[in-house]
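Labels for the chains are A, B, C and D, by order of writing; each one numbers its residues from 1.
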Amino acid sequence: MHIYQHEVKYYECDRMGITHHSNYVRFMEEARVDYLDQLGYGFDKIEAEGVFSPVVSVNCNYKSPTTFKDVIDIEVGINLLSEMRFEFTYLMRIGGKTVCTAQSTHCFTENGRPVAISKRLPELYKAIKG
Amino acid sequence: MHIYQHEVKYYECDRMGITHHSNYVRFMEEARVDYLDQLGYGFDKIEAEGVFSPVVSVNCNYKSPTTFKDVIDIEVGINLLSEMRFEFTYLMRIGGKTVCTAQSTHCFTENGRPVAISKRLPELYKAIKG
Amino acid sequence: MHIYQHEVKYYECDRMGITHHSNYVRFMEEARVDYLDQLGYGFDKIEAEGVFSPVVSVNCNYKSPTTFKDVIDIEVGINLLSEMRFEFTYLMRIGGKTVCTAQSTHCFTENGRPVAISKRLPELYKAIKG
Amino acid sequence: MHIYQHEVKYYECDRMGITHHSNYVRFMEEARVDYLDQLGYGFDKIEAEGVFSPVVSVNCNYKSPTTFKDVIDIEVGINLLSEMRFEFTYLMRIGGKTVCTAQSTHCFTENGRPVAISKRLPELYKAIKG
């Protein structure tokens, strides 16, 4: 898997001159979209099948500020937590220095109800289990 | 009609310490949502009928910067431009001082196609014509 | 202390029709800005003294989706974690139903270096300790 | 000059399933940042000299909606309007089809006051005049 990169935009920086902390949650989404694309299960493909993937939780630990034009390398990992739930992990670095570590947990829903990944998306299930 | 107010949030300010210019386009949306609610034609009500109101154009003239905690008074006006198109005007002020003037033009669509306001939303049409 | 309210904006909703999860991190900021104002230690006042309050971590648990026009009640709590670090807790509800619970941890910095809250902001320290 | 590209993110799309119109104003900023970098006058370089470049006005004409994963080609042009003011033009296309045309006008300020481009940034002035 390649590592996703996000270059910090001017409009993503705040009055302190640094990347506003809420934006990392968006970078996480960008990185997992890219990761699922690499796995062959892009959001667009999944949504076209009527399946959505709501976010159950997010957790960010800010280690070092970043700013305009910084290019953040985001290394993504994925783990199954149960039949219904999976987790992404994110290691964000600039030139090898960790700037943020994060996790997000997700489920899949169809018609508003959670679905078992192994049954509704068996190939993704296998891909995640490795 | 009452005047809509937006208090500038910390996360809306940029590295220059001022409200990022893109956010005024969002304040405009907030103000016209409120205005249509006052007219009795809220976005939620219109969308529930399967009608959407895409933005055709926006135009902002930034007169004076604003910043965190500023309360912007947004006075909204509405004009019909044609059977298919209408315009909102926005006068944004802080304590009487103009900080931004803006316009946006809109149409209504149903199933992806533009609809005549006078036919599909006749009461709104009358309300706009005054 | 009064409870902070955020009304969900149209532009805060995503393709799933619900409030994008990243925006809750912004609602948290709004709520703690308001909370510190009520305590008499607004961001603007603190920043005017050359003290900044970076976010060390955030954690959100999404319990139930919200959408356009929902008014979210955000109840904020504050705890000291150490001489250098404090925590906000957030309970977000709509009509009594919990939609999101969250925490954020923070420190204070001056000239880029962390400062002891009890020394640099003794009155806030007392206010937090209760 | 190369053409700037923006790939639409999931979080940039709204309840209508399309790119929220306010985000084009951010894409414009990304494109002009890139353009000024190509000219050798990046925002970071100019800001490091104590010069800021506030936006005086923006104007967007939305021609066709875009959505998640669309890659928008943004062709930027630059014109001097006066000694104090210059304009960027933006042609946004997907696969040759125009999706948005836009303009923005700007000035330069130092210590909060407008400066003559030809005097304060003579090389940029020459580059713009071509």
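Everything that follows uses one rule, which is that contacts are C-beta pairs under 8 Å (C-beta built on N, C-alpha and C of every residue); 3 or more make two chains touch, one makes a residue touch a chain.
Just so we're clear, the structure is a prediction, and the values are computed from it rather than from any experiment.
Enquirer: Among the chains, which one keeps its Cα centre farthest from the Cα centre of chain A?
Expert: Of all chains, B has its centre farthest from that of chain A.
Enquirer: Could you tell me which pair, A-C or B-C, is linked by more C-beta pairs in contact?
Expert: A-C
Enquirer: Calculate how many whole Å lie between the centre of chain A and the centre of chain B, each centre taken as the average of the chain's C-alpha atoms.
Expert: For chain A versus chain B, the centre distance works out to 33 Å.
Enquirer: Please compute the C-alpha centroid of chain A, do the same for chain C, then give the distance between them in whole Å.
Expert: From the centre of chain A to the centre of chain C is 23 Å.
Enquirer: At what distance in angstrom does the C-alpha mean of chain C lie from that of chain B?
Expert: So the centroids are 29 Å from each other.
Enquirer: When you check chain B against every other chain, which residues touch at least two of them?
Expert: 10-11, 15, 22, 26, 29, 68
Enquirer: Which residues, counting only chain A, touch chain D once they are in their complex?
Expert: 9-11, 26, 29-30, 33, 42-44, 68-69
Enquirer: For chain B, which residues are in contact with chain A within the complex?
Expert: 10-11, 13-15, 17, 20, 22, 68
Enquirer: Where on chain C does chain A make contact in their complex?
Expert: 15-16, 18, 21-23, 25-26, 29, 47, 52, 54-62, 65
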